[in-house]
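The letters A, B, C and D name the chains in turn, as written, and every chain counts its residues from 1.
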């Protein structure tokens, strides 16, 4: 009578092993990893989703997928902030990580077709956005303009420098970068990322705007977008929260009633109207 | 890979925390497989100045001890304060409720001024040098000690609870001391002991020190709800009202 | 299904048979002047007249610590199954309701086999309340009696005899252990009905001034209410209210390694949204830093958030445990909800 | 043989607390020979002033991590004496049982972990593991059982929680006591094996004797090898004993010396000894059969004055406490255990308490005001009582064993200090308070 015992379900907490195939420090604290699943099967994911990354014995944490499903393997960028991330930083090529997922919501890759895309990235916020940027570049004809704003605290912390340089050479996208504090080697924009918003050459209110950055950034960017009269249902925010299980059980990632691991991390801003804890 | 070198030192204390390490019994052999214990006066005769991890037990009550702590810090890569005396000052801080001269007089009478009986207000180790990790408790829980050491050896930040004793007390399914009309410091004291005292029928007297952000102000009003007075609480604050952290 | 009647002695024989059945039997017993569920060694220790247990029986469906995986450090993981056959004997209706809610939460969307495996091997024997506890308000929450969520339902009649009705196959199986009994008479059944009716009215040490189904709407308008700050001023952030609650199920996950530093296990353990660092992330950013925000979150989860996930059922079953457990005496959901009701009616 | 010897053991190892040995021999004459106690003083007697009577035992238990149970009991007895409290027979038996566990814990730790490396020629117990694995395993097992025994009754191995003035805050279940009894019965053969092993190296105990005064408790009613109750007696007592516990200050006669932060004591002569050997010398006839057998194995007889034999007396006491604990458990179970409610109200008064700590007789005295707050305290610790005796031993030992050379002498003196099982951290908390009359 008890059906549940009969169908042997998978263990949602059981990670699959993946092997590090490439690794490179992007700056002093951020490590880039390219992984391949030991099963030989690529994960099926969409831009915006994340995986739960484990080192057995140390722990587990959510990490955004930075690669695009159009490429092979899985790319992650990991900031060294604590136990798990410190140990991951010590792993070499050939090292093993446990992977669960992908989990969470995705960027509106389908609805965005034909529209101009504006990405506003603060610091490590570029990492998940890059997944959609690359996806859009790989499906270039499906989308209108692609505009990427990148703000970084200081010159030395800039991520994906070569890739950004390549993007900047492309005629079919606009990339603007700024750093918070002036630096001798930097002759570009100085100031927080919001200072770039007025420079956007596109019809902002009809574009889709994707935001990801540190907690403090959202408020100011959203204010600027409100001024530019971007409707709230065209804004997507990518939010971080404490997260343990990644599958809607442990309760840590809740923003009011919303579980970031299920309804997020990518939220349409208009859906957050009754979610005061969000921003 | 050479094993990390560990040294254990003791200052003013009862050495009960070291005893807790001894009480790991067979597990000490596991520990010794992983590290070289190069100095541990209570248990062995060898001594060394070359170590990676220094474990300090006891609180600091004399200028010469303070010098020794500075020396240990300068030699150690990781410094661990072991037990309440080292981590918060422990029960020794009760002394700080009095004038030092009077304290010496009280204990040694007419001989109080002999130089070797000198003392100053008790300090925790982190009042003198930077402490990397604290293992709380009077005495420590040796399972926690084991967990912290293993975490360090794996390069992991050891988990030190920052939630109150009530969490563990409830998990043990104890009847709350407050329901018996007693005061208990559980709601503002750092957990990690498995709520030993309430579980054994005694109130929590705060040997692990306060949680990071204790709601001490609430205590006064809560006392009133139980028809108890502030006086009832005063001598019952952390480690019997010794001067460490917030008091009423 | 038919209702059986056991005399006191027949019932004790039934319980003894359960104890001897080889399954572990968890049942309410006296503990330091209060009650707690624990392994039953002898029928004599069972307390059918208990008022409420300090911890709810959730400790058996979602243990305080539960090993999920075993691993080789830096290597592969293996799923661990800690489930074993178990009889939960003497569960009050409000706790049955709470377990049903958790069943739903752990099986919906992503199926949690660690929870469900335990749950599936469990036989739940419900028991109508004999002695109301000092803070129970199940009457207000519609959980004073239950008609589903258990395998067998027991009702103690005034003369001490016990009625038993199986609701599932598992319940029937369990009844097979029983020795002699008689079919319940009409009079017995109406006596049982009278007990139900009485409990539905009388488990009312606190009275909610609205229907529970109104709570989500009430909370829609109460986010900025002064009550959160006022109450939380005395909150110790001790999480006792979370721990003792039959419907709180948040957990933390941690890895523990053995002395060989080569093997270990991943465990989950109870956590609580009232605890200071429940929502703290790397960089020490705490997304719910204020006591009041955490205090509010619990009452929103009970009254609005969780109901949104389980078809509107309110995630407070009125056991009153949090009211007793809170040393600051501020955790009473009814008190807060009624405050909000008054002010909403006024405004 | 060298004519010049300079020994300066700064902080002797494998003892609890800090002690120094200083010896200076120039051209065969001893210029300096000193036992020093430089441990940081902790001033417990000053600290407890103002604390409530029901917190005293928890505070003073922190005097010493090894004999915390003894300190708690001495304090509780003093508090009960001051407040005029009677305890039930059940509580008294449970206390005795708990006290035995500490004797077992401490003696095993001392003989097994601290002294045996000397006998087997090792620097610590760690290398012993590969040299004599079977014996070390047995020592560990006995120590673990002793610890579990304490934890069961006290709520914790060190710094007991459950013992409170008037009785217990929590007692074990009958089933737990039955399980304990089983464990105790199981370690009897292990204990015998450890005794055999020590016997096999007993020739490493130096043949050294010095006649001195031995002080301990003596219990007459009913007669029992005194570890927990009794009056004060001494091998020098000739009709002037036994002394009631309340008058212990007349026995201890504490004084301050410049070579020590701990106070020293004297009674009938310039020094006296306390501890297992003192208890044996006063009460040997009351030992249990197995304990007597252990003493006989080593040829230990009443009147022995070789301080190194203290370790053997400890082994005999281990056998005694196990045997007597089993009887005590039987006595408790035969009456059935009852949870007893303890209700105590404060009153003004002064009281003293005494127990035999593992390393010797321990005295506590407190005075309380009418609110039950402590106004004065006096504590006298066994290790202190031995300090002067250790010094006198040194003065005889150094000339007798000078032929061993510097290393041999140093080792012998370290062993001699260790034989007393000194607990130096606890010995630095004593005082002489003038009581407020």
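Some notes on this structure:
Heads up, the rule we're going with is that contacts are C-beta pairs under 8 Å (C-beta built on N, C-alpha and C of every residue); 3 or more make two chains touch, one makes a residue touch a chain.
Keep in mind the model is a prediction, meaning the values are calculated, not measured.
Taking each chain's centre as the mean of its CA atoms, D is the chain most distant from chain C. Set against one another, B-C and A-C show the most C-beta pairs in contact at A-C.
Rounded to whole angstrom, the centroid-to-centroid distance between chain B and chain C, based on C-alpha atoms, equals 37 Å.
Chain A and chain D have centres, each the mean of its CA atoms, that are 66 Å apart.
Between chain A and chain C the centroid-to-centroid distance comes to 39 Å (mean Cα coordinates, whole Å). With centres set at the average Cα position, the gap from chain B to chain D is 25 Å. With touch defined as above, residues shared between interfaces to two or more other chains in chain C number as follows: 73, 254, 257, 261.
Annotation for chain A: residues touching 2 or more other chains are 57-59, 82. The touch graph of these protein chains has some other shape, matching none of line, ring, star or complete. On the side of chain D, the complex with chain B involves touching residues 11, 13-18, 38-43, 45-52, 55, 58-59, 62-66, 68, 109, 113-114, 117, 123-126, 129, 140, 143-144, 147, 154-159, 161-162, 164, 168-170, 256, 258, 260-261, 425-426, 429-434.
Residue ranges on chain C touching chain B, taken from their complex, read 31-34, 36, 53-55, 64, 73, 233-240, 243-244, 254, 256-257, 259-261, 270, 272, 275-277, 291, 324-325, 327-329.
Considering their complex, residues 68-69, 71-79, 105-107, 109-114, 116-117, 119-121, 168-170, 220, 223, 249-255, 257, 261, 264, 266, 268, 271, 273, 278-283, 285, 287-288, 293, 297, 300-301, 304-305, 308 of chain C touch chain A. Within the complex, the chain B residues that touch chain D are 10-20, 22-23, 25-26, 29, 32, 37, 40-47, 58, 61-62, 65, 90-92, 94-95, 97-98, 102-104, 106-109, 111, 114, 116-117, 119, 138-139, 196-197, 199-202, 205, 235, 240-241.
Here chain B touches chain A in the complex through residues 151, 154-157, going by the rule given at the top.
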